[in-house]
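A, B, C and D are the chain letters, set down in written order, and residue numbers restart from 1 in every chain.
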Amino acid sequence: MTTNTTVNDNPVVLQVDGLKTYFETRWGTVKAVDGVSFDLKKGETLGIVGESGSGKSVTMLSLMRLIPSPPGQIVDGRILLEGQDLVPLSDKEMSEIRGSQIALIIQDPMTSLNPVFSIGNQVGEAIKIHQDIPKRTVVQQVLDVLRKVNIPAADTRVRDYPHQMSGGMRQRVVGAIGISCEPMVLIADEPTTSLDVTIQAQYLKLLKELQEASDIALIFITHDFGIVAKMCDRVAVMYAGKIVEMGDVRDIFNNPSHPYTEALLSSVPKLEEDVERLYSIEGQPPTLHDLPPGCPFAPRCQYVMDKCSQTYPPEFNVTDGHYAACWRLE
Amino acid sequence: MTTLDARPMADTTNEVLLEAEGLKKYFPVTKGLLISKVTGWIKAVDGVSFQIRAGETLGIVGESGCGKSTTAKMLLQLEDPTEGTIRYQGKEIQNATADERRAYRSSVQAVFQDPWSSLNPRMRVRDLIAEPMVINLNLSRREMQDRVSKLLEDVGLSSYHANLYPHEFSGGQRQRLAIARALSVEPQVIVLDEPVSALDVSIRAQIMNLLRDLQQEYNVSYLLIAHHLATVRYMCDWVAVMYLGQIVEFGPTRELFDNASHPYTKALMNAALPSHPDIEQEEMILTGEVPSPLNPPEGCRFHPRCPFVIDQCSTVVPQVRELAPGHLVSCHLY
Amino acid sequence: MAAEGTLVVQPAPMPARIARRAWQLRRWPLIPMFILALFIVTGVFAPLIAPHDPERGGLRDRNLPPAWEEGGSSEFLLGTDHLGRDMLSRVIFGARISLVVAAVTLGVGMGIGVASGLAAGWYGGWIDEVLMRVVDIKLAIPTILLALVLVLALGQSFLIIVAVLAIAVWPRFARNVRGEVLQLKTMDFVALAKVAGASTPRILFIHIFPGVINTLIVLATLEVGIVILLESTLSFLGAGVPPPTPAWGSMVSDGRDRLAVAWWISTMPGLAIMATVLSMNLFGDWLRDRLDPRLRQLG
Amino acid sequence: MQRYLLRRILLALVTLLAVSLIIFVMSRAAGDPRHVYLDDYSTQEDWDRLTASLGLDKPYYQQYGIFLGSALKGDFGESIKEGRPSMEVIIERLPATFQLGLAAFAFSVIVGVPLGILSAVKRGTFLDMVGKIVALVGQSAPVFWLGLMLVFLFAVRLDWLPPYGRQEISSIVLPAVALGWFYAAANLRLLRSAMLNVLDSEYVKLARAKGVSNNAVIWKHSLRNALIPVLTFAGITLGSLVTGSLVVETVFAWPGLGQLAIQALAGNDYPLLQAVVIVFTLMYVTAALLVDIMYAYIDPRIRYA
């Protein structure tokens, strides 16, 4: 496990401040991301945990400025990458930043590579766009980066097409594209959900090594606390478009302070020990249009109080750097 | 037969319901322009034996392509075994009479992974749940309705849901409907093929607990197919680990998880994600990927990826050892 | 979760559902539906609606322009043709032929197409192979040419026309139904029906066929347009329903050499064809979006 | 790839064989060919001679064999009306048909492809509207009527272009537009929906995340993928391009194969008609084969299958 004492002193590379991304749908405004703030230091790994519809993927797309518009739009907030706000940038300015300073690894290795271009072509594309270097050097760099992600026989496989590779290999290629221009921030959106366990383990190890080698700040979007436990320094738990709890990984695991975090942690079976009975969170995650006022988790919460269904709770500090939005902490 | 025979010799007294012996399923690989000819066989399942006993749960774990789902399909008669026998209450089903086959159909039901594809979107919940009863039982309309209502309540829904269509339910609720449908003919065995892996995290516990409760109430046995080890630990009495079409290790759940012995089982456990950041995991990451079942490796099938490989692994098929009562492993190290 | 990143669609609460219904109502394609209704009504009640006898005209009234042109008369709203027959009445009666031909052809073609598509998709193997080859072969022979040859060989009659057009439309039904069945076949609910002991006919009729109906409805609306176009092309070439029955295609042909003197003889029936086919297409598009946007590439 | 192509070629041959069989059966079903050549004044001797020379005294399968054998040599007998080998007549007409087909194809690509892409990219804008109208007219207006309307407008009223024939270069404009419009519409619709699908895909998302500019996303990443369904369509509807040429050539008195086919039909000229049908089929099969090769070029999943 990483020791975060060293990371703590690093400078902040990414600061997100009051981010709101809304979608206009025929059912009304969907507040997919509704006031999300966090920061990320050099070399740090932040986990963003949530279920489907929690807003974690929309957060990721907002950071990349890839929200399909219409219907979506960043309506408020700032995304500061090394002090530069990404929100007001034009498409052209943003595409210079995408892939070079902030990069993305997406979920499904089967659909995230273009079927009609060779691997080498797809990995080299970002390099060609962002670096002004001769063709020969591009080829060399492509091979280097493919070797970095441990693709065996990289010099022959560059000419392969995606359909000729296994899921694990494709995901490595997607990873290679992500790191090809040595970004400051790398966002990994559930990069291992469709991989087998042993392949997942290989991939997580690889990501860790890559991150440590060049001090990338990594954001891990996931629904699985196991990945957080294995990979992350800090974690933000999202529910219905908001961060409900955030803090150091150990603090969260040892002292989950939001009832949702607590419930999620105790609803997962454990590999290491027998569990008599899992805690089960009743009900369903809410739909994001016409959310009730107050805390969206209130209808499923075992500690619910009158206040909860009236006003959304502010963030209460639990310990230094660990806060949760729950009235119980008042 | 040198493949591992995962039929517990040990201390259970429960009656054996369903038994598989030496099950094999080979899929032909064909080649040809207009008329195709067989050029090879994919050995999806290659000699698998196990038992399912009354009221117990057997788990089969493994990665994709290990043959666990094909095994389930053979039990459900969705695929015909290439070789081997399936016995239900001591009777072989391959050469059973039509009546016995019908009895088997209603005794073995299934719940699949994808709750979106396992319910016909054009049928009302009432008809979906009743379908197995309509086919297999001779009930009056009234009895049928009463049973649908009871089933809905048993799986945590209400009888008024019977008039709705599947698209009006969430993933977790649909999985509940699928379970109600499987239970409708009061089967003895339900094959659960990855029943929770497509669901949201907060819903998984609901469904796992529901399945455990229903097992008590209906005294039904489960065959659980899964890739997630912790789920298997929570749900099962017995666990079989499969690799490339064969069972490599088998035992009572607790024994197997505490004393995992086959290198593949160990690797799976180490690759699984920890439940707390302080849990130190042994660094044992397998290299390479699962080889093609078209030409499985000689000797022990795991040897090309095995960190503890010794000379004989590549030539000799390992013997099966019993390490503890009921705990079997197929490996040269023991 | 498979749907990660998209918004979860859950049963919407009642008010929202009502709102959605209203929203959909507002998007009904009113104009195309009105034209289609007009087409069907005039087709069925042609003798009651038409102001004149479509097959008789007076030599005195030859080549009269439509009412709004100079020299037009309000007696012949759309003018008259070279034999002095009322264009409006002829267009109205033409709807009848198109309607009947389209309905019968579609019925026959769809029946054959669905049956063979179901068989090919479900059983696969050589049935599938043979069927798809037949479809390929059919596509290789130009429909119109095949129709012309058949009409020439077997004589010009309503039955022959319908048979020829049915031959033209069934492959598309077969191909699409087959594709749909192949996909439905892999759905878990089909496997579960087998597990429950359902017989093949039960699976085909309770689980597979209803899944194909949407596709069929949409495809049928699109094919109606194609049938009408084919029928009019045949009658334009003189191989359609035999004269003097007024068919739109042959009416266009009548005006061919008179464009300079009486442009309306060709224009009016052509507009009728286009309006009908256009409405069918718009209606089909709308239906498809409503029933299943997945079918967008149908064809 | 080789196996894929080999299979395609084999299937094309099977198709040709089947079509030849259909033609043979139909020509026999259409009536006794001897009646076409001989009239009431011919003698029994004439009959017998013709019977022997046409091979009508032999069993049907042998007759088919003879038919096939001479067809392979390009010999379809003499055209009744022209009194010379059918193939000769056809070869004279081929250039005109090719010209028209190519011009129509060019029109359909030049109009359909850019409009299809732009309507997808600029969905809901004025351009999309224009695309929609072009597509709807192309799909709904009968080709023959569209042709006549073009003649009426551009030849009769405006007198810009010749109404029919093949004398001047400008003669080709109207028939090409009339014939090409339907395919332009089809290309447009297919490309638009395929582009919309592709633009929504994960790999386009990843390409954008790499920093690929909007234009490169559209022209490089999306178009090639979106062309796959368009090509599939082209493969299965080339047959109707031929059909269309029958009608258009008739409307515009364009001296090509289509017009020849209609003339052959009208004149009961069976040997000529058979030849025309076979040539049409051959053209279709070849075009479909070309599409299959293109397909393999565009989609590596086929190339390396």
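Convention: contacts are C-beta pairs under 8 Å (C-beta built on N, C-alpha and C of every residue); 3 or more make two chains touch, one makes a residue touch a chain.
Keep in mind the model is a prediction, meaning the values are calculated, not measured.
Undergrad: Within the chain touch network, how many edges lie on the shortest path between subunit C and subunit D?
TA: Each step joins two touching chains, and the minimum needed here is 1.
Undergrad: Leaving subunit C out, what are the touching components among the remaining chains?
TA: Contact components excluding subunit C, positions unchanged: one piece.
Undergrad: What chain is the most remote from subunit B, judged by the mean position of CA atoms in each chain?
TA: D
Undergrad: Return the chain pair with more inter-chain C-beta contacts, choosing between A-B and A-D.
TA: By the number of C-beta pairs in contact, the winner is A-B.
Undergrad: Between subunit A and subunit B, what distance separates the C-alpha centroids? Give it in angstrom.
TA: Distance between chain centres, rounded to whole Å: 33 Å.
Undergrad: Any idea how many Å lie between the Cα centroids of subunit A and subunit D?
TA: 53
Undergrad: Calculate how many whole Å lie between the centre of subunit B and the centre of subunit C, each centre taken as the average of the chain's C-alpha atoms.
TA: 49
Undergrad: Compute the distance, rounded to whole Å, between the mean C-alpha positions of subunit B and subunit D.
TA: 54
Undergrad: Mind pulling the subunit C residues that touch 2 or more other chains?
TA: Subunit C, residues with two or more chain partners: 1, 8, 10.
Undergrad: Would you pick out the residues of subunit A that each touch at least 2 other chains?
TA: Only 51-52, 107, 223, 284-285 qualify.
Undergrad: Show the residues in subunit D shared as contacts by 2 or more other chains, in ascending order.
TA: Expected reply: 11.
Undergrad: Could you pull out which subunit A residues touch subunit B in their complex?
TA: The contact residues of subunit A facing subunit B are 1, 51-52, 166, 168-169, 196-202, 205, 223-230, 249-250, 253, 263-264, 267-272, 274-275, 277-282, 284-285.
Undergrad: Report the residues of subunit C in contact with subunit D in the complex, numbered from low to high.
TA: Residue positions touching the partner: 133, 136-137, 139-145, 148-150, 152-153, 225, 229, 232-233, 236-237, 249, 252-253, 255-256, 259-260, 263, 266-267, 270, 273-274, 277-278, 281-282, 296-297, 299.
Undergrad: Where on subunit D is subunit C touching in the complex?
TA: Answer in residue numbers: 11, 14-16, 18-19, 22, 26, 29-31, 136-137, 139-145, 148-149, 151-152, 156, 190, 193-194, 197, 229, 233, 236-237, 239-240, 242-243, 246-247, 250-251, 261-262, 265, 268, 273, 276-277, 280-281, 284-285, 288.
Undergrad: Mind pulling up the subunit B residues that touch subunit C in the complex?
TA: Touch list, subunit B to subunit C: 73, 76-78, 102, 105-106, 108-110, 112-114, 116-123, 131-132, 135-136, 168-171, 178, 181, 185, 198-200.
Undergrad: Of all residues in subunit D, which touch subunit A in the complex?
TA: Subunit D residues touching subunit A: 201-214, 221, 224-225, 298-301, 304.
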